[in-house]
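We call the chains A, B and C, going by the order they appear; numbering starts again at 1 in every chain.
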Amino acid sequence: MELDAKIPEGPLEDKWSFYKAHARLVNPANRKKLPVIIVGTGLSGASAAASLAEQGYSVQSFCFQDSARRAHSVAAQGGVNAAKNYQNDGDSVYRMFYDTLKGGDFRAREANVYRLAECSLSLIDQAVAQGVPFAREYGGYLSNRSFGGVQVSRTFYARGQTGQQLLLGAYQSLMRQVELGKVKLYSRHEMLDLVVIDGKAKGIIARNLDTGAIERYAAEAVVIATGGFGKIYYLSTLAMGCNGSAIWRAHKRGALMACPSWTQIHPTCLPQAGDYQSKLTLMSESLRNDGRIWVPKLTDEKRAANDIPEEERDYYLERRYPSFGNLAPRDISSRAAKERIDAGFGVGTQHNAVYLDFSKAIKEQGLDKVKEKYGNLFSMYKKITADDAYEAPMKISPAAHFSMGGLWVDYELMTTIPGLFAVGEANFADHGANRLGANSLLQACVDGYFILPYTIANYLAGELKAEKVSVKHPQFEVAEREVTEQLERLMAIKGTKTADQFHKELGKLLYDKCGLSRSAAGLNEAILGIQKLHHEFYTQLIVPGTAGEINAELEKAGRVADYLEIAELMCHDALSREESCGAHFREEYQTADGEALRNDEKFCYVSAWEWTGTDAAPVLHPEPLVFEFIKLSVRSYT
Amino acid sequence: MKIHLKIWRQKNAAAEGKMVDYDLDKVDVHMSFLEMMDTLNEQLILKGEIPVEFDHDCREGICGACGMMINGQAHGPVAGLTACQLHMREFKDGETIYVEPFRALAFPVKRDLKIDRSAFDRIIQSGGFISANTGQPAEANTLLVTHEEAESAFDSAACIGCGACVATCKNSSAALFTSAKISHLAKLPQGEKETAKRVLKMVTRMDAEGFGHCSNTEACEVKCPQGISVLNIARMNWEYTKAAVLKD
Amino acid sequence: MKVAILKSTLSRKNLMALTGLFLCFFLVIHLLGNLQLLLPAERAEGSFNYYSDLLSGNIFIMMISYVLYFSLIAHAVDALVITLKNKKVAAKYVYDDRKQVSKWYSRNMGILGTILLIFLVLHFKDFWYLYKFGAVPVDKEGYKNLYVVVLYAFKSWWYVLLYVCAMLALGYHLLHGFKSAVRTLGLYHPRYASYVQIFGVIYSYAITIGFSVIPVYVHLTQYGLWN
């Protein structure tokens, strides 16, 4: 299979304008004849649904949550980047493009990343118009803060709840279209299969989570906006319901998956306290502006943090990365923490954390100043741990956070199945091997508001004359039967282990072998381990109740079944990439100082994987990354 | 620690429900309330029983999915938290804990502790937005919003839509929820234009959904995980009267 | 304005607030008049009877009194309508500890209001009805002598006690009612809202103490220890 990314010709800065100027359009009168299905109501899904409905398409929107407003975009804290250069500090579209590409360790497409930076400008305008209460200067102009990995202030924020506010803006726009009758919203519906007819995506099979009914929905195009699958590690910063099922079912119907193993592990999260733990809460990256990260110099240190004298503390980030210090990028900080924890210097009852210490900041800036900057985060920390971080250092540890990988899409955000689009975190497009802070909200919004509405029209224009598909088509029959059979299969096992137990085991295995650092030996072990777990899952799983009613355990089981398959692909992906880049760190490929060693000669490509069957190995289709406009360099933060 | 639970079990919307007793040993004090529920459910499943259904998702207090009456209070005894942020250290060893769904005529129970809060969505869709199509807006900094206006709008906009305000209100009033959105948008120059139309539509929808009157007891503000002020309700009342009087 | 608007929850509450605040205003006038009862007996009699006559004869006052009757009835009927709807939509919990997060009197305005309504029936019967339609003696100026009616009424200690209890109910009703009314009418400015709230508390105390002191004073000076 030849992968064509369909990058428009011409200079970098003109590619998107050129595309827009030449893309096919659909006459307003014809748009309502073209139904579009959008799965997911997070930032990318809600913004796409609202934007398409405004243009006149008839949209069917799906989410598994009980309300569109609860999609996990809501939890993003820090902010959203845009190259507005309001601070007059040298920002520009080009600089943002370069920072993002470098941050991703040069494993993304130039044209996509440039477009992301370019569209960032309009996003802020759009969000402000929707009523997003971004932070303002006293005079009324928009305020900015700085974020990791860049040297300008380009992050727009609404206190520590930027994701929530952006999502509410998109959700409200979506609900406005629902009221106008242009969007039909199906909450508590989970997509369980994609229906492909004559090679084109023409609908989905969804389960009504309130009744258990299996339902068919037909459309002229399907958009997957279901976010990332970092929850595969079980312990993550994601919501309990986040899953990879929609993209995985699409993958099994023929859409390629790109770089699935590239998962961002966020360095500042709360550590695991016990086996019962369901989630690792993220503490905003902004804490690293003033907090100093350290571990004791002695293993098996018994003293409380405050009793350990200065000379017996190892400020390992400052030691290893003197110029960036505690503000080193996420992948690097997380890996450095893991290195110390694995070497036996971890703190806390489980020896799985490092200290994030504010005593110096409090001494130098005063308690009030620190309270003003981080008060809400400190009180969140106290709510969860009952500890006062003003008195003693916080304990933090890395946790799975963001999937850079996802469905392979071309420049038009279309997967390898014509008519199937993937937007937001669900796709692999803009972040390369590591995402910069405050770029995820941006990408989700830009995909939904400004890119998909153009590219989907280009596709739909060709579908106007095509025969309209009905849900009575035999392919719907087949897909529905397969979905039902899978659910029946899960229900029928009646074993002795719950879906959560399998999920926890899988998560632990994956975190150890295909997490912060990977090795060929470990990955091979992991593949065997996952296969074993996969087998055990289908013989030992227990799902209570029935499939014809509300059944959270059945929902979980379905997701874990997919996770088991995704996990195996992740390991294959990590194994095949014999280099270290961004979040992907192969122990065999590192410099003498323990830094990532990229191999541009052999691995300057996107790994796109094809599903070939349950018992067959996935097939790799590399999409070479061509850098016409910038020169690849070593990503150094020392 | 050991706890004794009395949990509302109800098979579906039509079925009668009742409180059922469960004992749980070896509860870790650092568990969140929902992790305690996970632990209970795992034990139930392994015993061949049907686990307790409850709404939850982000488990960090922002999605607004979780919500239950814990010991007779919305989101439990501690103010300013969602159920997922409540930890077992707030309870005593051997304590009996009552768990019920959020209740209101407008929030029918779907199963056990799971409820239908779609009435909130319908209130928002009736007018809780600014009519700005994608692509229309002008350059962001051409519209000045003072620091105070933005902060005040944020205070109202922080609502997570959990429904604790309704659950804790003796009249099941949705005044705090509805007013927070009206206020958020009315406080901003870009949202102010549509205030009159918005408030009339949203209040009409709120009433049609079967929520009660606001008696200004202020219980909602106390139990709101985001601490949304009851002054938003005053703002809604003012905007409503103004709109009603000036309506042509 | 459409009927739908008038029937909305907010409009119903506005009616409660407006009628309630008018009654609050009336209470001030009523109290100021009644304070004459605290004057030395001989001055009090003349002054109070003259004042009563003035009120009953003046056309302007007559009009106000119709507003008063309307307010009382509308306030009560509206309260009933609101309460019935609230009862219909509100939740019932098996275990309910919601009382922790609000003041008891804010949750029980209906009960306090019912107490006040019963009291008002009594109050109207004993004074208003008697003055208007009953046989009241005439004082030396020729005015109906309401003063002696008052003195007679507060002869028994249990009647005084009843009055004081009713005034306590009134006090709590006002404590929540005044603030609630102002909120309902839409005062949302944080600073002024807090000023008005403080004013409401002072007002409620003043009315309660004022109206409670009169029967106690009358009883004690005429029949009690001080006589």
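Observations
Throughout what follows, contacts are C-beta pairs under 8 Å (C-beta built on N, C-alpha and C of every residue); 3 or more make two chains touch, one makes a residue touch a chain.
What you see is a predicted model, and the numbers here were worked out from it, not measured in a lab.
Common neighbours of subunit B and subunit C, by the contact definition above: there are none. The most distant chain from subunit B is C, comparing centres defined as mean Cα coordinates.
A comparison of C-alpha centroids places B closest to the centre of the full protein. Note: centroid distance subunit B to subunit C, computed from Cα atoms, is 37 Å.
Averaging Cα coordinates per chain places subunit A and subunit B 27 Å apart. One finds 63 Å separating the Cα centroids of subunit A and subunit C.
If you check the complex, the residues on subunit C that touch subunit B are 1-2, 4-5, 8-14, 82, 85-86, 88-98, 100-103, 106-107, 109, 176, 179-180, 183-188, 190, 193.
Considering their complex, residues 12, 28, 30-32, 34-36, 38-39, 42, 44-46, 48-51, 53, 55-65, 81, 85, 87, 89, 110-111, 114, 116-118, 120-121, 124-126, 128-141, 143-147, 149-151, 153-154, 157-158, 160-161, 184-185, 188, 190-191 of subunit B touch subunit A.
Residues of subunit A touching subunit B in their complex: 47, 50-51, 54, 65-70, 72, 74-75, 84, 86, 122, 124-131, 133-142, 158-159, 161, 164-165, 168, 171-173, 175-176, 178-179, 185, 187, 210, 239-241, 273-274, 276-279, 281-282, 380, 383-386, 449-450, 453, 496, 498, 500-501, 542, 544-545, 549-550, 552-553. Within the complex formed with subunit C, the residues of subunit B that make contact are 6, 8, 19, 69, 71-74, 77, 79, 98, 100, 102-106, 167-173, 183, 200, 203-204, 206-207, 210-219, 222-223, 229-242, 244-245, 247.
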